[in-house]
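Presented sequentially are two complexes of chain A, the first with chain B as partner and the second with chain C.
Then we have the complex of A and B:
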């Protein structure tokens, strides 16, 4: 057909495909293989079949991490989406109705810009920032105030019952702005006439939100849930930097990524760490498939 | 919010109510107005509170960067007694923040450039050329979106090690490019598909080579998509922490900013140099605020583009 098509196609694909095969596909494939060995990095690996996975079942730290992913998986999307939806609704349709167009409240643009900003910062930087905010003595942002007015300091990261929630708080702090902008884009595409018609019928703001906005935003919400769920399965940077000794106190905030990192690069248990990686992979895939399946419903055409 | 729109609007909104006239309608309208007022008042409070929650920790860090350790402990909520610029000097040179910053710029610069070049080339070919294996290669790339990086971490470390690229910026850049390709190709392939083929055909008739056509005609046409993905990649690669942590662990002089700041925060505890840490944090955050202030619109659309697609 076209002259010299194949040399061109091959030429353009050679570098990206090679790079991708070497640094992405090959490691993924090897991960499954290594997970079936007792490799510690020095001698040749021995094939141990599913032994690593059997050991995982008795590993308390592993189960702690899985449990924390469960908490993160419910709390992070739920809290973030509720707050973000509320703000997005206020910013887009919370104000007066002008010329039949629903308007956001005063200062909507400013709020949107401010809320989104944490998204631009690296998680590791935010983690260091919140180490300062959460500090347990008078030098902390929050405890500095509490102790000034004579209250006991809150041990955000040291109290094992509080530590995971303190970390979730930071993740929500960072994520809300992103979802406000995402939901705003979704809400902006809902035609004003629908709101107008509903208002004519005497719908209140609350009814508008639940009967108009929410159903028409379903697809965006689903995307948000998947995104936040995937974030809940990662959480390495925040836990590694913010928590007391990487996942502490006493494993109270550990996540699988933290355990993989520790087993591989501190204890050199490469086989075992890879088995955890495989477990993490199946958890992630299951979550994504389940979410898409469970939230599947007729999308409303408009 | 300008007066013109308000004047224009009052007629159509008010008209039906007045025309209808019955008392019931009027009452529900005033009820609704009260409801609107309450709702927007509560809403304003909530919005303002969240804005404070976002701004205060950052502002507090900036202020603390000018204090000394005594002040940080005795009066964490006041303005610094004097502007101690030496904190920044200490962070920049002694704590190596300057070095880390430069390393981040180098790694992200080459990483994003390489990602955009290779990613757009592959996306273009996969989107607009029919050949055997096209779909297979496309799905191979896109499947990378579903895999957590942590699954590959151990083997990746040894791949990089065996290539002799451990503790080098080259290794990190190549790994960044490889892991940025799935999203870049997924997004750009969809974008290249939407470009009209008439221009490409005209170019071919004029004797343009495939390569020339791509760089001179198609790339410029894809500019909006390229900018979105580039922003997405820059911010993603700038924020990377786990990959450099594993790939650069033994070469402290090569560390990137995220790694460096996290390390300084560990050491600040031992050396009790809190003001130096606050200054280092400020150096890491302030440029992001400036960049964000300038490119706010592009950054918002660039980062959310992945979710909208």
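Then we have the complex of A and C:
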């Protein structure tokens, strides 16, 4: 097999690498180039050096968006992982022990499918669905009920203190299903004997979870955290469709991608928007590098 | 870590996941950097000059008779039928040898931005809708053909009359940037506060002329369990800043708006704007529904059609837009914004009126003269009449809507426009400075839904206006 290995490998790689270079790497490089111009999307751009980045420093909307990413970055992975872990634990090892094998709660197979539903819906559809859920008047799903029983409606997307959390709620709702499945797969590969041994030593379900499941699931958790962190740097579709006045009220829910969209396609400031894109690129890279480094620890071999 | 077919064991589930995470890393920022497309072709110098034909009495602009022309129409509220059934046959009649390539879209910038970037724009464009190209940027980049030739050309119906004399006064100015006409705004639009003639008749209410009457009327409406006033905060806050600024012009005179458009120092902080903002903030606090901030314009307009909302600010496209949902006998009526006090500079009948729906000719297209001629045909009496009959909206052509029976709403707005006489104002800054428009929208929601006071309202907008004035990268316009 050694013989003729390289032509074989090259033959397989040529097409995907070319596609990747043309459609991913080249636009990246070009975005860096455009970020140093004043391009308006019509005529040829002029070179302005680092001017756009200097502007970013005193752009209040940009910093507001960065701040929101900070909140998202803490809240989204944390809430999603906690909920997903809890569900995954219940679905896999939360039930009775039959013949020494831990089982999920009753109906686990059904729940697993249901939890995954949000994942198969397009993001835009989810945003439109939640427009109905959050609607501030009597035709809203939640407020309709509240108003029927004589309570004041909750202004989910209008109250500036509540708006971002309402958006986070949607993001979590959408993400949980996927991570339940991911963690379930992780848990399924933990050998049953370990649970059995722990139980014989008198471990409760809580101890089982914290002393057995969690440490053995560490690698999967780490991946989930990186994924969700990256999702926290996006959130564009939900914010664009769901929020009031495109990231409002008064920028209370805006994110970088929203600002990029606005600067490029509303203000025709493609150069400046690209500078924001470059900033977002470095933020995401930094986050991922940090997370992978900080969460590095000996994985348990079994 | 090389994974070759010789040692496949290294490829465990976890390394796959980790690699997938790394790949995801590279994929997500790409969404943010999507704006990357070719920037190169924009300033390509084409050697072949735009084609011209011989000028004659029937061809005053010198259009090459057999040159094709490409027409792009925004397929929105007015549809595209008026172009294919009225204007294009007129052009074809004048130039039978010319071929017309018709295209329509709901997202003008999506289909045209790449064409401009590559230096091959279509001749004639109806630039409108949510995804329209930024006129300011088009002008600044020299993409638009100067329309002076068109306005000075003899009109189709009367060769002794120039085209500019066949349209409503102000039409040329509305489409001018720093004094040069670049855009043809074709549809005559009057703004005001709309109510249902039926609802008011049934309850014995009369539209208010001054502020006291207006507040009393709002009380009476509220007592009936109907929301007196409202606009959609989620996506149509500019309907409301339009009211506040028109009101400010009424209080302080037309110069208030002129100074705002020209980014004069302190233009927003004058008393007239503050008083108008304060008056409307009170209406917002007492007579509107908090939930409207989270609703889209279609939702709020529907509530008016259901007689759950009395007053709604809009332009006179409203009646046509709501045709499907308007109950029998609803009868849209326009009320000019009530005067604040007896010392107002403009009459209580003053309204904001403008020409809407922009059309332009691309400077870098192959047959710009053809584009101009297309506009000249649109501005003929036959072109204007055909448009009005097809979409039920008046055009800027004075003779175009004579003798046409408009539905009640447009009839009332046309009457209001006539009653306003000289006191017709207009606002331009939102088309020139999109960033200022965005700031005023945001501030208007903050004001109307009670999070800031009038002082803070004018202050924060002034701050943004000053920043735009100082920003050398923004092309400035004056009127």
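Here, the second predicted complex is superposed on the first by the 276 of 302 C-alpha atoms of A that agree within 3 Å, B and C clash if a C-alpha of one lies under 4 Å from a C-alpha of the other, contacts with A are read in each partner's own complex, and residues count from 1 in each chain.
Basically, a residue touches a chain if its C-beta (ideal position, glycine included) is under 8 Å from a C-beta of that chain, and two chains touch if they have at least 3 such contacts.
Keep in mind it's a predicted model, so treat the numbers as computed, not measured.
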Query = Counting only touches as set out at the top, which of chain B and chain C does A:234 meet: first, second, both, neither?
reply = both
Counting only touches as set out at the top, which of chain B and chain C does A:267 meet: first, second, both, neither?
-> second
Worksheet entry | First, second, both or neither for A:288, with chain B first and chain C second | both
Inset, instruction - Tell me which partner A:205 touches in the superposition: chain B (first), chain C (second), both or neither. - result: first
- [ ] Give one of first, second, both or neither to describe whether A:250 is in contact with chain B, with chain C, with both, or with none.
- [x] second
*asked:* If we overlay the two complexes on their shared chain A, which of chain B and chain C does A:77 touch? Say first, second, both or neither.
replied: neither
| task | With the two complexes superposed on chain A, say which partner A:173 touches: chain B (first), chain C (second), both, or neither. | result | first
TODO: State whether A:123 touches chain B only (first), chain C only (second), both chains, or neither.
DONE: first
Note to self: Looking at A:219, would you say it contacts chain B, chain C, both, or neither? Reply first, second, both or neither.
What the structure shows: second
Winner on chain A touched-residue count between chain B and chain C: chain B
Intersected contact list for chain A, partners chain B and chain C 5, 24, 26-28, 30-31, 34, 137, 220, 223, 227, 233-234, 236, 256-257, 260, 264-265, 270, 273-274, 277-278, 280-281, 284-285, 288
Within the complex, chain C is touched by chain A residues 1, 5, 24, 26-28, 30-31, 34, 37-45, 48, 51, 134-137, 153, 155-158, 160, 189, 219-220, 223, 226-227, 230-231, 233-234, 236, 244-245, 248-251, 256-257, 260, 262, 264-270, 273-274, 276-278, 280-281, 284-285, 288, 299
As the complex stands, chain A meets chain B at residues 2, 4-6, 8-9, 11-13, 15-17, 19-20, 22-28, 30-31, 34, 83, 86-87, 90-91, 94-101, 103, 105-107, 110-125, 127-133, 137-141, 144-145, 148, 173, 176-178, 181-182, 185, 199-200, 202, 204-205, 220, 223-224, 227, 233-234, 236-237, 240-241, 256-257, 260-261, 264-265, 270, 273-274, 277-278, 280-281, 284-285, 288
Seen from chain B, its contact residues with chain A in the complex are 1, 5-6, 8-9, 12-13, 16, 28, 32, 35-36, 39-40, 43-44, 46-47, 50-51, 53-58, 60-61, 64, 72-74, 76-77, 118-119, 121-122, 124-126, 129, 131, 137, 140-141, 144, 146-148, 150-157, 159-160, 174-175, 177-179, 181-182, 185, 204, 209-211, 214, 235, 238-242, 245-246, 249, 257-259, 261-262, 264-265, 274, 277-278, 281, 284-285, 288-289, 291-292, 296, 299-300, 303-304, 307-308
Residue positions on chain C within touch of chain A in the complex are 4-6, 13-14, 17-18, 20-22, 24-37, 39-40, 42-43, 109, 113, 116-117, 131, 133-134, 136-138, 140-143, 233-235, 237, 289-291, 293-295, 434-435, 438, 441-442, 445-446, 449, 451, 473
